[in-house]
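The structure appears right after this line, and notes come after that.
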């Protein structure tokens, strides 16, 4: 990019939004997990497995976000501040996921939790990877979709709530997040506008938006496969989870 | 495990070998990349893309191996020594991959290389992840299959050599590795016997053997998909690679 | 400590305060830098050298504070949150030090700054060290004295201001900090009360309070020694600094 | 440096050697520890305290050396290999220090060792610091003096051996090191010649040679001060050490 050319951020955000529309449309229409939920066939076991994997990757989000903030190759002070403040806000959110699992009757979560699924670990590992290496701004691609996903996943949440007849107090993870994320999404856009200086920055953000959402979709597929194993009595990983109170 | 029970390592290695037989059989019979190679239909482009991704993940192996050696939660001095020595031996091996790509006529590799495929980065990220966290011995599961893979991949190498009519001097990456890896494999087995003290250690090794090989298989699939894009004229990532000298 | 014994934090804070009284009394009475300042003999050169070293260690404070927050051996969520929030607040404070140096006529600071003095690097290195290893709470010992030091250093600041005839706008580093640090000091005491569970925690905090203040005192001594070299025309490190606008 | 100017390494090594002569002469003539040893007045307690601090910093040498090898800003493959190989060789050397302490009758070393002295931690912290940041070649300044120190410290070792009437088997730390370090010193010089490309590289090496030796000298002084506390019955840190078998 010619340094004298100003970046058109409105156009960039439209490009990201259009990319997200395309990726989410594919996920919602082809993921077995999403189709099961939307057709009103979700079970507590499926939801419980999903929330446990959600617990796992969420429990690393503050840490990998803060990891960006301690890199020594960032010149933008507002971006460093954003990373550390955003990380501080994410601390402990994973506990809401555990609370919600317990609230539907799965009480056997007190000891060591089962290791995350390979696909969940691959997502976690990738978020650390794009945080400690590469373009320091690229993790904003993950934040961009994570803070704006409710537009796409609200039908899933509503369907879960209706099928499993859950009170709002049993859905704290999703409800608390959707309340605060509207604000967060504006922060993400503001910091992108303030910190990005080149097409390479924009490309890195768009790339990580795509890859981190694709790896999340793979996690959803793996949750469903594991659920099928549990249904067939072959899933040993979540035995303890399936003991109801 | 009762601490007085001795671990039966012969049985453990048989279990790993049997797991590997099963995983490799599935890869060789169902991976489009493997099937294309074994049926004598490999092209320089397909091989070149594969070797470029191989370059990428190999260029991190010394580093993530050494990362295990600097952890402060390892009590076994021989294992720390093994990690650092093994890392030292891996330094620079990725350069053989670049040499081999150039030797078949793709010369356009001098500038910045294209970013690895998402699946390659997921593998790289995972190898860092299992190196800096979790059971410190678990990376031995990756070494176990990586140092013994020639039994399974030699037919692929031979087929590539025959189809593309390559000299041994154009296959330095594979030939150099298969020569030294027989020794390495014995080192891996020795250090497992010396350092593992519990079933949890064995389980962690077996788990990472499985996951890291599965993520490698996904990289192979992604290489093939990207190759198909290139065939259809849609793959922009490797444009420069496909300019022959 | 018997786990049923409650920790008496009031007594602990009194112990820390008494330790600080003792350490600061020694510093203020025996440090050549402090004595020079208090006797009204500070020069712009001495103050400039001091502020440059202050710039250096301050520029790492957000980073080493955040490093505590990404450790995976902390159970107290409020402490993790404290570390990240506190780190976020520290971002960029070092720029005030540079501003203050420029404001007294030293303009030659635009290029690469000189490497910190060995004693400054030793302090910086130590703050990273106690952040990434040992008792995760121990860095609070540094925060305890750093957030409460104005009681002791105000006479120094006033003497500098009077001797060099500085406006408040030329002392932004000290004035901005003393305004916000009263609040910070209460946060530090609150998080100590909330997170410490054992005598080992208290001991680690007291130990790092002592060591980090002693290493800071060594930095002050080194600043004065370097100033003497400059006076004798032998200090090559700060040549560029001593070119006035 | 003009890139076309070849670096004169012989001259550089002479400069380092002359710097070392000067630094060691000062240490040997003014350090209370060295003077006590050379005048035949060393005691088992003084030697024991010294060896315990030696144990502490030595136990980090493999790790901080390997840390250089995993940086991603090094272009010289031989240097990466050197770092990892050298680190592998250092693994476990600290155990010889413990062996030697036990061999003179101090048996109370089985539980948790006392925390290192502040000056020892400052040295350890500094070695990590110069390993993970700054010029990646600078740690060679530490290796340069550490691998060539026997020329200067042999009189100390001989005096300790004579005064305390020790067998060679009670001085394994020093004897094993002096045997292997002659070779190591040649490796250090070779890798400097192979990897340094600019005056900035040479300056960084010379700087760290000086600072790391000065911080070691401060550790020696702190050992002697702590010994005096023990003599006066005030040193609580090493109580357990002073219980003879």
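A few points about this structure:
Order of writing sets the labels: A, B, C and D. Residues in every chain begin at 1.
Methods note: contacts are C-beta pairs under 8 Å (C-beta built on N, C-alpha and C of every residue); 3 or more make two chains touch, one makes a residue touch a chain.
According to UniProt, the chain labels map to these proteins: A, B, C, D = Iron-containing redox enzyme family protein.
Keep in mind that what you see is a predicted model, and the values were worked out from it rather than measured.
Looking at C-D and A-C side by side, the one with more C-beta contacts is A-C.
For the pair chain B and chain C, the CA-based superposition corresponds to a rotation of 180 degrees in steps of 5.
Judged by shared residue numbers over all numbers used at their interface, chain B and chain D contact each other through mostly the same positions, with over half in common. Mean C-alpha position of chain B lies 48 Å from that of chain C. If you average the Cα atoms of chain A and of chain C, the two centres end up 38 Å apart.
Averaged Cα coordinates give chain C a centre that lies 29 Å from the centre of chain D. Multi-chain contact residues of chain C (touching two or more other chains): 72. Contact topology of the protein chains: cyclic, one closed ring where each chain has exactly two touching partners. Applying the touch definition to every pair of chains gives A-B, A-C, B-D, C-D. Per the touch definition, chain D reaches chain C in the complex via residues 115, 118, 121-122, 124-126, 128-130, 207, 211, 214-215.
Note for the complex: chain C touches chain A at residues 62-63, 66-67, 69-70, 72, 77, 80-81, 84-85, 87-88, 91-92, 95.
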